[in-house]
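Next up: some structures, all given as structure tokens.
What follows is a pair of complexes built around chain A, which joins chain B in one and chain C in the other.
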Partner chain A sequence: MTDQAYNFAYLDEQTKRMIRRAILKGLAIPGYQVPFASREMPMPYGWGTGGVQVSAAVLTPDDTFKVIDQGADDTTNAVSIRTFFERTAGVATTTATADASVIQTRHRIPEDQLSEEQILVYQVPIPEPLRFLEPRESETRKMHSLEEYGLMHVKLYEDISCHGHIATSYAYPVRVEGRYVMDPSPIPKFDNPKMADMAAIQLFGAGREQRIYALPPYTKVVSLDFEDHPFEASKADHPCGMCGAEDSYLDELIVDDTGGRMFVCSDTDYCEARQAAGHKGKDAA
Partner chain B sequence: MTPLLSVKGITKRYGAHIGCADVSFDLYPGEVMGIVGESGSGKSTLLNCMAGHLVPDAGQVVFDTRVAGPTDTVTMSEPERRMLSRTDWAFVHQHARDGLRMGVSAGGNVGERLMAVGERHYGDIRGKAADWLERVEIDAGRIDDRPTTFSGGMQQRLQIARNLVTGPRLVFMDEPTGGLDVSVQARLLDLVRGLVRDMGLSAIIVTHDLAVVRLLADRLMVMKSGHVIEAGLTDQVLDDPQHAYSQLLVSSVLQV
Partner chain C sequence: MYVAVKGGERAIENAHAWLAEERRGDTDIAELSVAQIREQLSLAVNRVMAEGSLYDPDLAALAIKQARGDLIEAIFLIRAYRTTLPRFGASEPVDTGKMTCDRRISATFKDLPGGQVLGPTFDYTHRLLDFKLAADGEVPQAPTRSGITAEDVPHVSEFLNREGLIEGAPHDDTPPPDLTREPLEMPADRALRLQALTRADEGFTLGLAYSTQRGYARNHAFVGELRIGAVPVEMEIPELGFAIEVGEVTVTECETVNQFKGSKTEPPQFTRGYGLVFGQTERKAISMALVDRALRWEELGEDFVGAPAQDAEFVLYHADNIQATGFLEHIKLPHYVDFQSELELVRKLRREAETGHVQEAAE
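Moving on to the complex of A and B:
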């Protein structure tokens, strides 16, 4: 039931147009951070207000909406964002990746391959990949405009000299179409290769930092690395305990108070669909 | 021979106040130019105008670029100028912390310029960094330590390594020995002299310390109130200064 006190998807039409312009600009300049006038949303910043505003701007009444948080549809955060759009936009919602036309996500990319009919919206806490070594915004902007990205490799160098390998495992920086260096939001680096050449549109929204960036379909996305320390999309070296999948990103769960643990798919929809199709892992009941 | 750097009529004002005025000179490959003068005479202003850190109000700084030959760096595009300043140019700051990343290891500091120009082999970068640490007399075993754990003299030598690792052709130095103990100064000067000689570097060294230019500079410019009042071969100017102010400058130092 749409709550009639609000415009469709909560934001007024003018605000949505402003956000759509930022999105279009982002799509035209893949990986470039477009400033936008972020609005107050009826939820705290840490809850993905950037993603929510982007979703609000792209949703239509015919869309089917899915929200994932760390791979799951049923966390408090995911449920409240899904409920928010059920109430303010009256759109259909789903937990099935294949049935969704707009998917808002925090920290994961679904395991199922996405299609040209889909839009993936990422919630972004810190959009600037150069921030940690160069705190001055004026300087990072100049570095982007002049393609001065040596600093990104200084970070990876420090990683290797400290840990013997590139220890960065989330928010692993990428180069987009050989031009902009981009923060993929805190997804595990296991997901990085999925961003490349993806059929779906990928939109990134940072609410507190007021930035939107985007990857149009089939964009070249390369994870930064060294020749002698090549990028690896690593994951826990186990099959899923529930569905037996060998190719999915796994969460490690502590299952009892004697230190017993098991590995299960972080993408719950993927795992449940596999189990329904008869796949069984070693820990499945 | 084409000058490596040809400075023509450089003028910089701070409001109505003169920073430096109408400075012109040529620097040939392999030459070291010293710029001396009392505090406030305009040395740093001139150096920063030449190195592209300040935009002069008038004048040209023509550098003999590898790609296009002599080019005015004041009017070239910013990307080109920034590229020069991390390849063919080097700048050694008086305070090492202005020229180093204090939160990054010594190896990362030296490697940054290599990565900035596209080197992507970790082992090579680390090897070159270790090599350069040794060349500036820092134990390569300190490669993963941060500069905050280094003495002042070591920080300054690290800054030099970080600058020279890409094989620049022109080095700008602003009071490189300022703030260091006398014995540390002597060691640093020896090191710089050796590097300049071995690498065939051209350099412009700003200092108020005549002992520094005596040791390092082939030629000398004396500045006063923003103007160059005397220029010539170092020994000539120091042993037989013509301008009354130069005489004063030299004699006051010789008395010390």
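Moving on to the complex of A and C:
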């Protein structure tokens, strides 16, 4: 199965070393975006090339690899990335969160708590949390170095004055160890609290934007808010239709022509494990 | 009843099989060979080599075949292959003064040493569909070219330089940065900008160049010289201690001569824009020269008038079609999770709007 025409995990050793240096720098300065010489990968930019490069740099032959997209192991792009590493690295793969040593994810953090033995690799489209307030990279880098985050607070304040609350539902900005404001990647804000004090290493790769950043284990991560408008992690106000879980993030499905809906866990492994353990939601067969 | 969606893997495999079948088309029609593409679609091959940043006509032709003629997809294949290649070293700078020119024209001087050579150009063809081509591919033999040798063809800008009418182009041996090995960071010097422009999307570069002609940072450009031909590539071999020729590449070079009334720091003189692109790719080379000139406003002490072509961050971060197409097309990927959170938010905002209940946050 392994493709011998390429080096282990596709990238050559020099490139992996360069990426590992960026990762180490990122871990040393949590939340800081480290520029790295992102390579063209055999999948398109915007489809997880940053995450793939980070995974390639941290994977060893003994690792067990899991890939999720939108929480699910069987979405097409997750399948594609998992197959890529099966081919180029020959690593074992799994869909069980607890069995994986490296988990690459797009847009979700698994519901199960991660351990110190695990690495969570996020795919990041736009690593710059200030990008939509200031399009120039030269400016935003300056703002980070001067810790000049007033613009972000004004934006959040304007949300509150217009809508009564902060109108950001995903990619909700966080502050890391009281220093860098960081983009958590487009995870729903429901997942934000899981980033704080996580036992696993969290690595973030943005291929097209050529940035890597990181959170070492047990890092303080605070979602931006105001004293009188505290951050609130939200999700659809239903239990899962399949496993009955009340604490998991849910996808909304349209199940018939009359607009009938049902809600199910977006984390497929979590949902399946619960169903296997005998939990049953109201829509389960 | 909802059943969790499985079978992504099989769907992908089947899609790939269908794609392969579509690529081949009707099997009653003879299959295109890579050599046919290389020889008969050579301008497509040139574009793929230029924007793929890899000079290999056979691989470019293969990429075009595999990509069903989608050139950006072909460029992507070449880029992804290129990035896996080991690097033996860097060549000496190519000397375009030693080019064996197939084409060499100047729009600024009627005649000049080396002469004007039209070469294989569409320029003066009448754009009438040639139905003979549909019937048979017979072509009349072109007269043998007289062949101009390297020594005959000095650069036009040298003539202006002798009079001091054009800005100098001082010799600089600083090793240029490598866009493919270092992350792009701003501000980018001219060497880096040129590197990004030479692999930039042809359409994007053309549009930007055209915008300068229409007044967005106008810097009226004359094509001082456009030349297309083969140049030898030399590389110094450490064990030998001298440079040897390792091959040759065909390139298109465009030097523009631009109006310049002078600024606070520079006297009135002509200024330069420069384009150098793999293969016969003159639309791209001319566009590149115009955009290069527009991006040089700062070093020439000109005003930033807010034109897109002057804005290095805007140009360089958006000119790469592989980055652009990837990010653009990624919105086809599932976004259930972020969409779900937006759904919840919009419902909440609508509920509030309906009840007219908007908290006064500023209280």
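We adopt the following convention: the second predicted complex is superposed on the first by the 285 of 285 C-alpha atoms of A that agree within 3 Å, B and C clash if a C-alpha of one lies under 4 Å from a C-alpha of the other, contacts with A are read in each partner's own complex, and residues count from 1 in each chain.
The rule we apply is simple: a contact is a pair of C-beta atoms (placed from the backbone, for glycine too) under 8 Å apart; a residue touches a chain by one contact, two chains touch by 3 or more.
Being a predicted model, the structure only gives us computed values, none of them experimental.
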item	value
Which of chain B and chain C A:Val154 touches, first, second, both or neither	first
Touched partner set for A:Asp112, first chain B, second chain C, both or neither	neither
First, second, both or neither for A:Pro44, with chain B first and chain C second	second
Partner chain in contact with A:Val79 - chain B first, chain C second, else both or neither	second
Chain B versus chain C as contact partner of A:Met242, first or second or both or neither	second
Touching partner for A:Glu177 - first (chain B), second (chain C), both, neither	neither
Touched chain A residues, chain B compared with chain C	C
Partner chain in contact with A:His163 - chain B first, chain C second, else both or neither	second
Chain B versus chain C as contact partner of A:Asp69, first or second or both or neither	second
Doubly contacted chain A residues - partners chain C and chain B	157, 160-162, 229
For the chain C and chain A complex, residues of the former touching the latter	1-2, 4-9, 11-12, 76, 79-80, 82-84, 86, 180-187, 313, 317, 322-323, 325-330, 333-338, 340-345, 348-349, 352, 357-362
Partner chain C, residues of chain A touching it in the complex	6, 10, 12, 35-42, 44-47, 49, 69-71, 74-80, 83, 106-108, 125, 136-138, 157, 160-165, 167, 169-171, 186-190, 208, 210-211, 229, 234-236, 241-242, 249-253, 255, 262, 264, 266, 268, 271-272, 283, 285
Touching residues (chain side chain A, partner chain B) in the complex	133, 146, 148, 150-151, 153-154, 157-158, 160-162, 225-229
Footprint of chain A on chain B - complex, ascending	78-79, 82, 86, 101, 103-105, 107-108, 111-113, 115-117, 120-123, 125-126, 143-144
